[in-house]
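In order of appearance the chains are A, B and C, and numbering begins at 1 in each one.
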Amino acid sequence: MTWDILTVIGVVAFAVSGSIAAMEERYDILGVIILGLVTAFGGGATRNLLLGIPVSNLWEQGNLFVIAITSMFIVFLLPNLWFHFIKQWMFFDAVGLAAFSIQGALFAVDMNLPTIAVIVAALLTGSGGGIIRDLLAGRRPLIFRDEIYGLWAMLVGLVIGLGLVNSPIEFYIVFVLVVLLRMLSVYFGLKLPKKPIYRKKSKKV
Amino acid sequence: MTWDILTVIGVVAFAVSGSIAAMEERYDILGVIILGLVTAFGGGATRNLLLGIPVSNLWEQGNLFVIAITSMFIVFLLPNLWFHFIKQWMFFDAVGLAAFSIQGALFAVDMNLPTIAVIVAALLTGSGGGIIRDLLAGRRPLIFRDEIYGLWAMLVGLVIGLGLVNSPIEFYIVFVLVVLLRMLSVYFGLKLPKKPIYRKKSKKV
Amino acid sequence: MTWDILTVIGVVAFAVSGSIAAMEERYDILGVIILGLVTAFGGGATRNLLLGIPVSNLWEQGNLFVIAITSMFIVFLLPNLWFHFIKQWMFFDAVGLAAFSIQGALFAVDMNLPTIAVIVAALLTGSGGGIIRDLLAGRRPLIFRDEIYGLWAMLVGLVIGLGLVNSPIEFYIVFVLVVLLRMLSVYFGLKLPKKPIYRKKSKKV
């Protein structure tokens, strides 16, 4: 039950995130809804694809679709002024990241996949939707450049893949930790190391 | 039989649409052909993937591949002057949209999927190829911004998904209506509502 | 055995190619690793998807993942100065192209797919990873514009699809030929014909 609530919060946060990206790119209402749906469900779809779970399982989540679309319509109708308070969403997005990456890791564990696949499943479920969102919005994916995001999903995959986390209570602790870590990353502007290189003529390698 | 002709027209129109986008981006002949193929067959492939139909069914359409590639070679060899008459293609593209979205919706109905999936199937089959085309051409997908396009495909999915359309004659009426609606959208510059918002620093939401 | 070595070289070359693209875009270490993995394994995954092979077969290549990630870490830690010698990589990349396109074509032949599918399989396995890499790096795919690349993969698909190549020795000859052809393409700046057209208002076709 509690878990369902977290999933709903994650879906809403991701759907809103996608619809805001679409509005920033001056997409129309259809674009807003498609980007929202893709952000909310694209990560799970990609994970299913790579793990060999039928992608069409997607359609069993009828209620979540309705919730996602409803929340996007609300955002579309909100006065722009409200978006000044957008930082609030950061918290919901962190909840989505935590809920989705745990869910993705559990999927992979249920299928007895190796730890590397569990990590990838957590990463894809938690951040795959955001990557597709950015591509459809014509942007370079944020998770590759901004404050630490994907790493927390991968850590979830690691601890679950290694079997370090088993009981429901432990999952909730992981959940809270991921939300905290993501919030702290944004708050303190924590980034992973980079090593930019010049783009030369022979960029084809 | 008549239906086959419509599919062929749709394939040709979409293939040409992809190859023109490639030529606009100064892609070479291989890029022209790949973008054309992706535009003509990418929508159906994406639909198959999301509906749980084997994507490899694609390969049973051997004749359509030959037709698509042939038409792209013809376009590649045409004098540029001809492209001034490009508006003519708009009609073929509308035919493609209508034929593909009906075909996609019927696929989903055959699988007893819920109405939402039928709508998505119609949308994906009708416009998925164009989205992939735009991504591979480095553009923001047109259907999210320009004259009404995807909505007509979704309407097809809705009426077929709700079972309002059954007999062949009714399908042809839907077909003609979609072509008309799409042509009118372009002619009158009909667009869906937008609500652009400023892109702020905290664009990550 | 020898074949395994070629695959390893191909994986390393493609992984490095992806990680360099990521560093050029100022992505962080996670972006570097994801782009590298996607470049090395994305072509095979796309091929599996389109040929109806379970995409999850990917996970049976555990060792290759370790090799790819290790080589990306080494590249990440290398002094930038080294990248002036980057032209050397062109050779490894050509090896990757040759090894992957032959491997992809054989996959399709094993499944008794028609020649067109064999050609597409060779093309996807050899160049699909690079296309995904370029999309995730926010670039127009290089293989559509630069020195001849995909054509050599397609030729591999053609000769294998038509059954002109059967014995191991013949495969090695094809392999060496593809490496040579690719190197010559870069060396002499060989490009496929283009026919750029102006992008007009009615770009929707």
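By definition in this document, a contact is a pair of C-beta atoms (placed from the backbone, for glycine too) under 8 Å apart; a residue touches a chain by one contact, two chains touch by 3 or more.
Per UniProt, the chains are A, B, C = Trimeric intracellular cation channel family protein.
Not measured: the values here are computed from a predicted model.
Taken as a contact graph, with one node per protein chain and an edge wherever two chains touch, the assembly is complete, since every chain touches every other chain. With rounding to the nearest 5, the Cα superposition of chain A on chain C corresponds to a rotation angle of 120 degrees. Because chain B and chain C carry the same sequence, their contact can be compared by residue number, and under half of the numbers here are used by both.
In whole angstrom, the spacing between the mean C-alpha positions of chain B and chain C is 28.
Across the assembly, chain B contributes 49, 135 as residues in contact with two or more other chains.
Of all residues in chain B, only 49-52, 113-114, 116-117, 131, 135, 139-141, 143-145, 150-151, 154, 191-200, 202-205 touch chain A in the complex they form.
Taken together, the chain C residues at the contact with chain A in this complex read 13, 16-17, 20-32, 34-35, 45, 49, 54-56, 58-59, 62, 65, 76, 80, 83, 86-87, 89-90, 93, 135-138, 142, 146-147, 186.
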